[in-house]
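These notes open a run of structures that come right after.
The two complexes that follow have chain A in common; it is paired with chain B in the first and with chain C in the second.
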Partner chain A sequence: MRSRAWVAWVFMLPTLLVMAVIVFVPLAQSVAFSFTDLTNRNQGTIFKPPSWQFVGLENYTNILTGGDPNFYPTLIWTVIWTVVNVFFHFTLGLILALTLNQRFRGRTTYRLLLMLPWAVPAYITAISWRFLFNGEYGLFNAVLGLVSDQRIAWLSEFPWYYVAPIIVNVWLGVPFMMVALLGGLQSIPAELYEAAQVDGASRTQRFWNITLPQLSSVSSTVILLGIIWTFNIFVVIYLVTGGGPGGRTDILVTYTYQAFTRGDYSMAAAYAVVVFVLLISFSAVYRRFTREA
Partner chain B sequence: MKMSRRHSALTHIILIGFALWSVIPVIWVVLTSFKTEGEVFSTTLQILPQDPTLDNYRELLSRGDFLTWARNSIFVAVITTVVGVFLASTCAYALSRFRFRGRSASLYIFLVAQMFPGVILLVGLYQIFNNLGLLDTPWALVLSYSTIAIPFCILMLKGFFDTIPYELEEAARVDGVGVFGAFWRIVVPLSVPGIAVTAFYSFITAWNEFLFAKTFLTSREQLTLPVGTATFVDAFNQPWALLSAASVLISIPVVIFFYMAQRYLISGLTTGGVKG
Partner chain C sequence: MQRMTQLATALGALAIVVGACGGGASPTPAPATTAPEGTPAPTEAVAYQGEITFWNTMRDFELVEVQKLVDAWTAEHPGITVKMDPVPFDGADVKYDQAATGKTAPDIFRADIGWTPTFADAGYLLDLTGKIDNVDDFLNTPLATNKWNGKLYGVPQVTDALGLQCNGKLLAAAGLSAPPTTWAQLVEKGKAVTDLAAQKYGFYMRGDSYWAQPFIWGWGGTLFEVDDQGLVTVTVDSPESEKGFNYLKDSILGTVAPASWDFASDYDNMNAGFKGGTTMCILQGPWQVADLLTGDAFKDDPNNLVIAPVPDGEAGLTGSPVGGHNYVVYALVADDSAKEAAVLSLLNYLSTAESQAALASSVGLLPTRTSAYEIDSVKSDPKIADWRAVLAKATNRSGVPGASNIYKPFTDNYQLFLKGDKTAAQALADMATAWETTVFQDRLAK
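Showing the complex of A and B:
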């Protein structure tokens, strides 16, 4: 009964159809565009026939050989952005999960309060923090004003325009890590700790020899998810700094979007493919690496 | 394990510190929404509104565009939820109950689909919706949002269906109920909590999405709340008090929803999403 494959495909059909139209066809089309010189000027209108053509790998060689001087700086910043964010997400999330994974009064209340950044829509968070960072009447400078005369131009002064969106994104991403790691901690069998205690293992020894190894499969999954999400997060950069000043805080996805809004469709497609290939190959390497470890 | 006093103090210090850090920005926005525009632009630190006012809310709700955006957002989110739940539950059922060639490949594709950066679909989708005449209509969003939400929903619902004993369906089949009847009359009613989480997730995805809405919608009366609200930020004089009121109104339903569903969301996340 379970092996009647056609019934399974009938159940799958609606989803596959929609996914084909909305995911696979546009994906293929994006890839195809990346080998052309399509822009909003040569795509053709009802008055003018399309005049774009295939250019082979030209867009990619342009990107990779530095024909676009902004690509490598953007890539480097995107990598720093991802590493710093995920580092803080994970360490803070782990500290909080460990702290919450004890028996004490009020832990549910704490957990619910700590989850608030996850509950608020991300774009609302981004817009609100832009307001908190405002140089003249934002909360941060107002608090700073209590202790010194100095004000910080958070969104236009080096290195603060790099720091500000990181603060926002760390605030945004910690709850997910905390909750996922807490779930992982709770599934570690208590007998392991009891046995270790009988053997006289200290708290630190128990942490390094039981907690961390037992948590490794959950950790490696959430870190991978965190890396993918942070690499791709659009709203935080777009709404907090707008990529500014002068495009310095653009990450690859906002950079791609800028190319798209300029009407440079083929370059946008090529950037997007580069992002996708980077992520796919990174996660393939990552999964092989974590599985062996 | 009983905690020592010093250890317990440390626990509470860490948690209070982080709880304040999580809550203060939100409280600040809520307080701002009750301030007058003049107070918001004061350069000294003023925590509580001197003269609490509902004017910002009143102005927001009397502006036609905010209500139009809210209506658009609700429309898009509801349709997305219905379509998304239908697609995800049928597909998850097939993956949970049948062993067939292509099953593990399909599961893998849904996993990888979560990795797509939205922008890679954007270029292709824009052309497709342009050709279909769907640009600047809610349908472009409904179609693209249901597929963003689907992979996660499928993985989560599959985990749910896996916990329902197959014997129940077999018994029904003996009584002459068909495969589709068994799905509809036995599995679906038993999975209401799982389906509720899926619905919640689809709704939130649609309610919060920014990039596609920003790209596919152009005329002001078609915008959804995220892009509509962001137009306030582009304005020369950023109306922060008004924006705070908008943030509060938009967030309240989502936050309530989130706290109602969080228990299921977390169990879904740990069984379906994280363990794959």
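Showing the complex of A and C:
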């Protein structure tokens, strides 16, 4: 078998090369740039020599010690955003999966319909919801107008500017969780339930003692994926609130994007590295924790 | 058979990829070979044969008019094709920046006046000093936005400024025979046509810093000062600016304009309300006029749209941000002197008074040449005369590289002020700090 290992490498080589070019090299370059003061003004062009230099950990100390006053509030909101979203993704996904696991008329139609949010491109969803939330002409205010005189500026008023993107993201993220959990549910052997029923377990007991533990490996994986994806989801925040009034709904990725577009490449790289380190450490801790349990 | 299917699939995929790469800009309209009314036929012959690339940030209906001018020029210069790529305005500066570094920048680019000094400073632009016909004919302010370090780096195409645009019928309903000349007058009279719950507004404000500027200048404040060496002193956090901001919040919002509104969509909402005839006045630029005239309130009676300078804040003080666009040429064009001659010929043709007048009469964009305003089609257009009055009271934007980055922290702090999270003083102070640390940090005057 050992003599055939090189075949595996040959097959992997094209993918590895592409990934190196698209992922690994830019990643390494980003990390390298985060230790400099590179901006679009000193990067040097074909007409002007570069004048950036290495500054060591200066960008990181700037970020971590609050030299950039927006970093910590953005980080806190990003964490809250992630936790709330994944909580709703998982619970709603689980409820829908449990429902769809039963046999009833029209089940296939419901499954298809519930996949719709996943099928529609995220940016179209974001733009459509933004129009629904429109403060003057949106559907929600039209409905609200039937019962009250007050219009709500959903994307500019507290706490709605936090709630609106969460609603959109939950709408986007539930199908994935639902499908994954449905798959997990269907792989639970029916004998376990039958045995439990014979022993006189109630529905709730069956749920807590059979369903959830059997789903734990699927759950832990999708929750981790959900956390990483939600932490970094750019489209929803950017297209729904645009970072919200005064940058209040900016998450770390949209904040990094702003640093990039104003030409502060080294700071943007530093933010990106911070996000990367956060997520990698979290994943490592999470994995260890779920493996023990 | 299986091999054939595989081969067919592979070829099909290849064809799709090639097709996707090959296609590019949206199809340009069929060229009109006759020049638009009043433009002289371009005459100079040039030796260059080949392609000239042109990135245009104009919107579709404006592009059509420029295409006519370009087609007239190419008709007189066989062997040269002008490839005009429409590029969306948002992010076009980032795109050009990257292309210029990668040597793939277009020969001609329509750059916002705010971007021109930045590109000039980076060395991307060809020095046009002495190469433009009738340079003295250009209006001072637009021409100044093309100058950096004593050299000329572009040609002004159009200029604009925010003006007060009002619905004539609503003005009459409010008891005004002409648009208000001061904000106090707008507030006092606007109340008559305002019913916030019914979405009828005397005025509709935006949560965008560009629109907030009149409330600083109208009270005597300034944003920043640039000295002769190009060093910047940030001056926005002054008592005058504070006064203007507080006036906006205390007197205008909640009285004639909504106190709280959807910032993310306010540009579209502002236009929609005005077009629908439920908003009396808005601050808006000439670029939107063609669209506003299609609204219910104006399509049957274009004269219902009344244009006036931005109202005064404090006694006699007002200001409106001057915007506009320049044509700039990529520095590497100079490597080929025949090509440079061709590009300059096209540029000069597009910038004649007659060409500018053609653009003005068709899409309402304001010319940048003094002589263009004397041409009949422009002179007889009452809207353009109104805009000239607006421009006369407008404020020059200081051209410092990177200055267009002031708007993000400006908007953020301005929105927090509008929401009540920060006082005016705090918002202005934070704004000033952000400018000093993230925008002008390389060129602060000590």
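We take it that the second predicted complex is superposed on the first by the 290 of 293 C-alpha atoms of A that agree within 3 Å, B and C clash if a C-alpha of one lies under 4 Å from a C-alpha of the other, contacts with A are read in each partner's own complex, and residues count from 1 in each chain.
Here is the rule we use: a residue touches a chain if its C-beta (ideal position, glycine included) is under 8 Å from a C-beta of that chain, and two chains touch if they have at least 3 such contacts.
Quantities reported herein were computed from a predicted structural model and do not represent experimental measurements.
K.L.:
Who does A:Thr65 touch here: chain B (first), chain C (second), both, or neither?
P.N.:
So A:Thr65 meets neither chain B nor chain C here.
K.L.:
Is A:Lys48 touching anything from chain B or chain C once the two structures are fitted on A? First, second, both or neither.
P.N.:
A:Lys48: touches chain C, not chain B.
K.L.:
For the overlaid complexes, name the partner, chain B or chain C, with more touching residues on chain A.
P.N.:
Of chain B and chain C, B contacts more residues of chain A.
K.L.:
Considering only the touch criterion stated at the top, classify A:Gln258 as touching first (chain B), second (chain C), both, or neither.
P.N.:
It touches chain C, and chain B stays clear.
K.L.:
Going by the contact rule set out at the top, does A:Leu112 touch chain B (first), chain C (second), both, or neither?
P.N.:
first
K.L.:
Now for A:Arg130: first (chain B), second (chain C), both, or neither, which partner does it touch?
P.N.:
both
K.L.:
Would you sort A:Phe158 into first (chain B), second (chain C), both or neither based on which partner it touches?
P.N.:
second
K.L.:
For A:Asn40 in the superposed arrangement: first (chain B), second (chain C), both or neither?
P.N.:
In the superposition, A:Asn40 contacts chain C only.
K.L.:
Touching A:Thr204, do we find chain B (first), chain C (second), both, or neither?
P.N.:
neither
K.L.:
Check chain A for residues that touch chain B in one structure and chain C in the other, and list them.
P.N.:
130-131, 134, 136-137
K.L.:
In their shared complex, at which residues does chain A touch chain B?
P.N.:
The touching residues are 1-5, 7-9, 11-12, 14-16, 18-19, 21-23, 25-30, 33, 92, 95-96, 99-100, 102-104, 110, 112-125, 127-132, 134, 136-137, 139, 142-143, 145-146, 171, 175, 179-180, 183-184, 187, 217-218, 221-222, 225, 228, 231-232, 234-235, 238-239, 253, 256-257, 260, 265, 268-269, 271-273, 275-276, 279-280, 283.
K.L.:
Taking the touch rule as given, give the residues of chain C at its contact with chain A in the complex, in rising order.
P.N.:
Spelled out, the residues of chain C in touch with chain A are 91, 94, 97, 100-101, 103, 121-124, 197, 199, 207, 258, 260-266, 269, 272-273, 331-332, 401-402, 405, 408, 411-416, 418-419, 421, 438-439, 442.
K.L.:
For the complex, which residues does chain A have touching chain C?
P.N.:
Spelled out, the residues of chain A in touch with chain C are 40-41, 43, 45-48, 130-131, 133-138, 149-151, 153-158, 240-242, 245-248, 258, 261-264.
K.L.:
Using the touch rule from the top, collect the residues of chain B that touch chain A in their complex.
P.N.:
Answer in residue numbers: 1, 3, 8, 11, 14-15, 18-19, 21-23, 25-26, 28-29, 32, 40-46, 83, 86-88, 90-91, 93-95, 97-101, 103, 106, 112-128, 143-144, 146-147, 150, 154, 170, 173, 179, 183, 207-208, 210-211, 215, 226, 229-230, 233, 238, 240, 243-244, 247, 250-251, 254-255, 258-259, 262, 266, 269-270, 273-276.
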